[in-house]
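Naming follows writing order (A, B, C and D), and every chain is counted from residue 1.
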Amino acid sequence: MLQNAWLVPSLPAAAFLVILLFGKRAGKSAAWWGITAVAASFVASCVAAVQWVQRVDDATGTSNGLAAFTKGVVTTNDVHHVVKPVTESVTWWQNGAVKFGVGTYVDGLTVLMLVVVTLVSLLVQIYSVAYMRGDRRFTWYFAALSLFTASMLTLVVAENTIQLLVGWELVGLCSFMLIGHWWEEPENSRAAIKAFLTTRTGDIGLMIGIIVLFFTVGSFGVGATNLYATGAGAHHDLLLAAAVCLMVGIIGKSGQFPLHTWLPDAMAGPTPVSALIHAATMVVAGVFLGARLYPVFFNGFSIASGGVNFMALIGGVTIVIGAVLAFVQHDIKKVLAYSTISQLGYMVMALGVGAWSAAVFHLFTHAFFKALLFLGAGSVSHSAGHTFDMREMGGLRKPMPITFWTFLIGSAALAGIFPLAGFWSKDEILVNAGANGFDAFLIVGLIGAFLTAAYMTRAVWLTFFGEFRGHGHPHESERLITGPLVVLGALSVGAGVINAAPLGLEKIKDWIEPTFAFPVVGHAAFDYPKAVLSVGIAVVAIGVAAYYWYRNAERPLLSGLTQRSPLARAGYRFLVNKYYLDDLYEKVIVGGIQGAVARATYWFDQHVIDGVVNGLGRGTTQLAHYTYDIVDQRLVDGAVNELAHEADQAGAELRRVQSGRVQRYALLLFGGVGILSLALFLTNTI
Amino acid sequence: MQWFDDSALTLAAFIPLVGLALVLLIPGAKEQAIKVTALVASVAAALVGVGILADFDYSHAGRLQFTIDKPWISVIKARYHMGIDGIALPLLILSMLMVVACVIYSWNHFPEPHSPKGFLALILLLEVGMNGTFIAQDLILFFVFFELVLLPMFFMIGVWGGPNRQYAAIKFFLFTLFGSALMLVSFLAIFFLSKHQTFQMNELAQLGGAGIAHGTQVLVFGGLFLGFAIKVPMFPFHTWLPDAHTEAPTVGSVLLAAILLKLGTYGFIRIALPILPSAARTWAPYIGLLAVIGIIYGALCCLAQRDMKRLIAFSSVAHMGFVMLGIATLTSFGLNAAVFGMVAHGLITGMLFFIAGSVQERYGTREMRRLGGMLTQIPRLGWILGFCVMASLGLPGLAGFWGEFPAILSAYSPARLAPGLLNGDHLLTFRIFMVVAAIGTVLAAGYLLSMYQRVAFGSVGAEFESAHVHDVHVPEWVAWTPLLLLITALGVYPNLLFHMSNGAVTNVSRIFGG
Amino acid sequence: MELNEFLILSAFLFCTGIYGVLARRNGVLVLMSVELMLNAVNINLVAFSAFTKNVSGQVFALFVITIAAAEVGVGLAIVLLIYRNLHSPDLDEVDQLKG
Amino acid sequence: MWEQQVAFSVLALAIGSAAIGVVRSRNVVHAALFLVVVLAGAAAIYILLAAEFTAWVQVLIYIGAVVILFLFGIMLTRAPMRGEGSRLDNDQRWAAVVVSLFVLGVLIALLVDAFGGQDIHFSHTLVNLGRTGSVGRDIFRVYVVPFEVVSMLLLAALVGAVVLARKD
C-alpha cells in the first residue's frame, strides 16, 4: 500500500466524478457511493499505516509492529536508524532536459494524515447523510465532499511542492464551493469568496516560496528539499526567504493572524463542512505544510538557536487573539471557529519552537475533538430550531444526552483536561516550548489554556445548562448523527494515548517523526509539575467561568460589565468588531482596489490611453481631410475645376461692382485713372 | 504516407479555402447546405490536424516537420516554405479545433443580420489565415497569412457586431494594420541586412542576427515588437481589444481571443527572439515591465467593469501579460509557460466568450447587475461558467495554472539580459516582476469570482424571473465538450503539451543560454 | 513765377472736384463739383497758354466755358427730371442700371 | 515780381478754401455761393496770367449765367437750404477722399516731375496775346470749325434742356 498510496486520493476523486455524472439519477444513494469510496480510502490508509509501522520497526530492529503497542515499553534506540520514505512518481511535465514528476511521498506524517483525513471525512459524510437530508443539492454536496477529501489527500501524499500546491488550491476551491453551498443568500457567497481570496492572498507566499525553494534546491521534490535544508551547505538566507514566503501561505491557509478573518465567516457553510474544514482538511493543510517542509523552517528561522522567530510569534499571537474573540461570540459555530484559530496557533507555535512531534500530535488529537465539537454543534442546531445562536439555546442537557456528553468530552479535551486527548498534545507543546528555551511561548500557551477552558465553559454553559430559551421542542438526533459523535468522543478520550509519555508510549516520535532528512530536534521528557500546572489552570478557568455564568444566568453575557465601565465597553466593541481587521481588509483594501483604484485605472484606460489612440485616429482623419480638401481637391483637382469655378466666381464678384450707381462707377474710374497714371509715371521714371 | 507528409500543411491551410469556395457557390437560400459544407470543410481540416498529430515525431519536436519548400515569388526570393514544430503544432491544432467549435456553435443561431453564407465564409477565410500563420516558415508568407486574418475579422465585427460595431471594427483594423506596417518594414530590414538576403525563418534564425549591428537590431526589433505587441495586445497597445470584443459577435470574440491574440505571441517566439537575439536581450526587461503592468492593469480594469464580455476582454490583457512575462525571461521555463499559456488561454477564454455569448442570447444583456442566479435558472450553464472561471483564475489541476505558474517561476531567474532597467540589475527587476505577477493571480481570482458571484450566485432578478430560459442546448454541448475536456486534461496532465513544446522551446532558449 | 504753382492749384481744384463728384449725393452739388473740375482744366489751359506764349490755350478755355454752360443746362434738366420722377434729387436712387 | 506772387498766394488760398466749401458745405445755397468765389478767383488768376478776354468771359458766363442756372436748379429741386449734413453726402465719402487724395498725389508727382523748375515769363507779348483781338483772330481763323460745332452743340443743349425739363 505504501507504493500504491495514489489509490487513497484516487478513490474519492473517482467518487466525485461518478457522483457528478450520475448522481442526479441515483438520488440519495449517491451519498453512499462517496461514503464507500472514502471508507475504502480509510481502509487503505490504515493498511498503509500498519505497513509503515512495520517498515519503521524493521529498520530499527524493534519487535514486530503493533505488538510493541501492547508492551507499553519505551523502545529507545541509541543508534539513529534512517527510515526512507517511500516515493513513487511518474513524469508530469518537463522543461528543458528536466522532467518533473507527480507521485506519492509516503512517510510517517503522510500515513498519519491519511488516516486522520479519511477517518474524519468518513464520519462527516455519514453524519451528513442525516444532516443534509432534503437539501436542494444533496448529491452535489456529496460530490464536493469527495472532491474535498481527494484534494486534501493529494496534498498529503504530494511528492513535490507543485503537487502540494495543486492539492492546496483544490482544497481552497472545494472549501469555496462548500462554504458557498447555499449561494442563494449573498452572505454565503460573499463568505465563500472571502475565504477563497484570503487564502489565495496567502498563496502568493506559498507560490513564491516554492519558486525560491526550487531555484535554491534545484528540484521541487519534498525529499530533495528537506535533504538540502538539513545538509551542511544549505544557503541560509535563501531558506529564510523561502520560509518566510511559505509562512505567509500557512498564515493564509491555517487562519493565522492577521489573515484569520475568513475562517469565522466560513461558518456560512453547512456544519459538517465546517467540521471537515476545521478538523482534517483545509486549515490543517497549512500546519501540514509546516511539518512537511520542516527542515526549511527549522533552518530558515534558526529554530535551534531559540529566541523569537516569525513562526512561533505568529502562532503565539494567534493563540491569544483567537481565544479572546471566542468570548464575544453568540454563534456557537463561531466560538468553535475562533477556537480553531487559537488551536492552530498552538500547532504553528509548536512548529516554531521546535516541537515537531508535539505539533503533529496536537493536529492529530485536535482533528478528533474539533470534529466532534462541530458535529455536536450541528446536532444541537438540528434539534434546537436550526439556529446556532447560543442565546436561543440552553438547558439542552436533558433532551439530548448523547450530544451533551460527547460535546462535554470534546470541550474537556479541548480545554486540556487530564486524561483526554487534548491534555497530552497540549502538554507536550508546552513542555517542549519550555525545554527548547522558548519560555515566553510557554507562558503564552498557558494563557491560551486558561482562555480556552473559560470560553468552552461559557459555550457549554450557555448551550446545555440553564433554561431553554429557544423555540420548538429539542430532541436527541438520530443514529446517523449520534453514531459519528460517539466514535469521535471515544477518539477524543483515547487518542492521546498514542503519545502518552508517562505510559511509555511515544509513538508519534517513534513512528511518525521522520528520520530521513530531518533536523535534530530535542524531545523533552514528560514534566509532571508543568502538566499539573496546565491542568490546574484549566480547572481554575472552568471554575471561574462556570461561577461567573452561573451567577449571571439571568443576565447573560458580559452586558453587566460593559454597562458599568466605558473601558470595558470599548474593549468589548473592539472585540465584537474583530479588531477591525475585517474593516481594514474589506472596506479599505478590497473596497479600495475594487472601487477607487479599479475605477481610476479604467478611467485612465478609457480616457488617457484610449484617448491617445482616438486622438491619433482623429488627428489622422483630420490630416486626411486636410490633405483631401486642401491638397487634393483644391490644389490638384482644383487647378482644373478652380479655373472654371474662378471665372464663375469672378463674374459673381464683378456683378456686385455693377451697382448701377453712377458715382460708384466714377469712383472706380478715378481710382483706375489714378492707378494707371501712377503706373505710367513709375514705368517712365524708373 | 509520404504523400501525407508532403502535403499535410498545404491541406491544413487550404482546405478551408476550398470550403470557402464551395460555400460561395451555394445560393444563400440553401442554408442547410451551406452549414453542412462549412462544417465538413472545417472538420476535414481538423482531421488533417489529427493526422499531423498522429504522424508527428515527438522525440524530435524541435525539428521542423512536414516541411514543404518550393519557389514562390523568386523575384523577391520569397518561398512557399511551410513546416511545423512543437511550438506551432499545439497552436495549429487549437486553431482547427476552435473553428470547428465555432461552426457548430453557430449552427442554429447566427447573429443579426443572419446571413450564414457570409458568416461561415468569413470563418473559413479566417481559418486559412490563422492556420497559415502558424505553419509559414517564410517571412513574406507569414506576413500574407498574418494580414489575411484582419479582413474577415473586420467584416465580422463590422457587419455582425453590436451597436458600436463600426467604430470597433475600424479601430481594430487600423490599430493592427499600423503595427503590421512597421512589422513589414522590419521584415524588409532583416532581409536586406542579413548576410544571405533571405526570408527563410530557419536560415535567419541560424544566422541569429550575425552581421547586424546591435543598435540596428534594436531598432528592427522595435518594429517587430510593435507589430506583435499590438496583436497580443500588450499594455499600452491594448485599447482596441475591449472594444473589438465587446462589439464582435460571439464567434468573432472567441476566435479573436483564442487564436488571433496568439499570432502576436507566436510571432515573438518564432520570429523576433531567434532572429534578433541580442536585441531581444535588450528589449526583454521592458517587455517584462509592460507585461506585468498589463497583468495588474488588466485586472484592475476588470474590477471596474459592468459588462461581462468586456470584463473577459480585459482579463485577456492580464492573461496575455503572463504569457509575455514568460517570453521576456527568454528561458525555457518562460517560453514553455508561454506556449502553454497561449493554448490554455485560447481554450479557457474562448469558452468564457462562448458563455458570455450564450448569456447574451438568453437574457439579452451582459450587464452583470441585471443578471444573477444563473445557477438556479440554468444550472448547467452556470456550472460550466464556474468551471471556466476557476480555470481562468489559474486553479491548479486545470489548464490555466500551467500557463501562469511556470511563467511566474521563470521570472525568478531570467536569462542573461542586456543591462537596462533598474541599473541593469535584471535579476532584481524580474524578481519584482515575479511578485507583482503573483499578486496579479489574486486580483484575477478577485475579479473572476466577483463576476461569478454577480452572474451565477444569488437569486434571479425580477426582470428574468418568469422568463423561459433554455439551459445548454445540443450545439453548445457538442462545441464545448472537447474544450472542457481539454482544459481538464491539460490541467491534470500538462505533459501532453509540454512534451510537444519543450523540444522546440529549448531550441530558442538555447540561444540565450537557458 | 513757376508754372507748377498754377498747375498744382489746378490739380487741387480738380481733385476737390473729384471728391465732390464722388461724395455728393445731391445732383446739383455734383454738377457744381463738375464745374470745379472744368475750372481746374481752364486754369491749366490758360497757364500753359501763358507758358508757351500761344493763344490756343485761351481759345480752348473759351470752348470749355461754352460747353460747360451747355453741360450745366442739360445736367440741371436731367436732375430736374430725376427729381420729378423719384421725388428726390439724390443720385443714389438712380440705380436702374444695376447688374 | 513779388506782387504777382502775393496776389497768386492770396487767390490760391481763396480758391482752395472756397472749393472745399463747395464740396463740404451743408447748405446747397452756400455751396453755390462758394462756387461763385471759386469762379471769381479763377477769373482773377486768368487776369494774373494776362488772359484778359478769357477772364471776362469767365465772369460773364460762369458767374452771370451758370450760377444763376444753379440757383434755379436748387430752387426747383427743393434742395435743402439749411444744414442737413449727411443727407448731402453718400456712403462712399471716405473712398472718395482716398481716391481724390490719391489722384492729387499722383498729379502732383507727375507735375513736379514734368514741369519742376520751369517758369512763366511775363512780357508785353503775353499781354498782347490775351487781348480780345488776338483771341478773336485765332478763333475765327484757326478754330472756326470747332467754333461752329460748339454753337451747334449749344443749340442742341438748349433744345435738349427744354425737352428734358418739360413738364408733360
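In this text, a residue touches a chain if its C-beta (ideal position, glycine included) is under 8 Å from a C-beta of that chain, and two chains touch if they have at least 3 such contacts.
Not measured: the values here are computed from a predicted model.
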Item to complete: Identify the chains adjacent to both chain A and chain D in the sense defined at the top.
Response: C
Discussion item. I want to compare two interfaces, A-B and A-C. Which one has more contacting C-beta pairs?
Written reply: A-B
Item to complete: Using mean C-alpha positions as chain centres, tell me how far chain A is from chain B in Å, no decimals.
Response: 34
Worksheet item: In whole angstrom, how far does the Cα centroid of chain A sit from the Cα centroid of chain C?
Response: 114
Practice prompt. Mind checking the centre-to-centre distance between chain B and chain C? Centres are C-alpha means, answer in whole Å.
Written response: 94
Discussion item. Based only on mean CA positions, could you tell me how far chain B sits from chain D in angstrom?
Written reply: 100
Worksheet item: Using the touch rule from the top of the page, what residues of chain C touch 2 or more other chains?
Response: 18, 22-23, 91-92
Fill in: Overlap residues in chain D, where contacts from two or more other chains coincide
90, 92, 95-96, 99-100, 103, 107
Worksheet entry | Touching two or more other chains - residues of chain A | 663, 667, 670
Worksheet, complete the sentence: Touching pairs of chains in this structure are A-B, A-C, A-D, C-D
Worksheet item: Taking the complex as given, what residues does chain C use to touch chain D?
Response: 1-9, 11-20, 22-29, 31-33, 35-36, 39, 42-43, 46-47, 49-51, 53-56, 58-59, 61-63, 65-74, 76-81, 83-84, 89-92
Worksheet entry | Interface residues, chain A side, partner chain D - complex | 663-664, 667, 670-671, 673-674, 677-678, 681, 685
Worksheet item: So in the complex, which bits of chain D are touching chain A?
Response: 90, 92, 95-96, 99-100, 102-103, 106-107, 109-110, 113
Worksheet, complete the sentence: Given the complex, residues on chain A that touch chain B span 91-97, 162, 165-170, 173, 180, 183-184, 186, 189-190, 193, 196-197, 200-201, 203-204, 207-208, 211-212, 214-215, 590, 593-594, 597-599, 601-602, 605, 609-610, 613, 617
Discussion item. Show me the residue ranges of chain D that touch chain C in the complex, using the header's touch definition.
Written reply: 1, 4-5, 8, 12, 15-16, 19-20, 22-23, 28, 31-32, 35, 38-39, 42, 45-46, 49-51, 53-54, 57-58, 61-62, 65-66, 69-70, 72-74, 76-79, 87-93, 95-97, 99-101, 103-104, 107-108, 111-112, 115-120, 122, 125-126, 129-130, 134-135, 138-139, 142-143, 146-147, 150, 153-154, 156-158, 160-165, 167
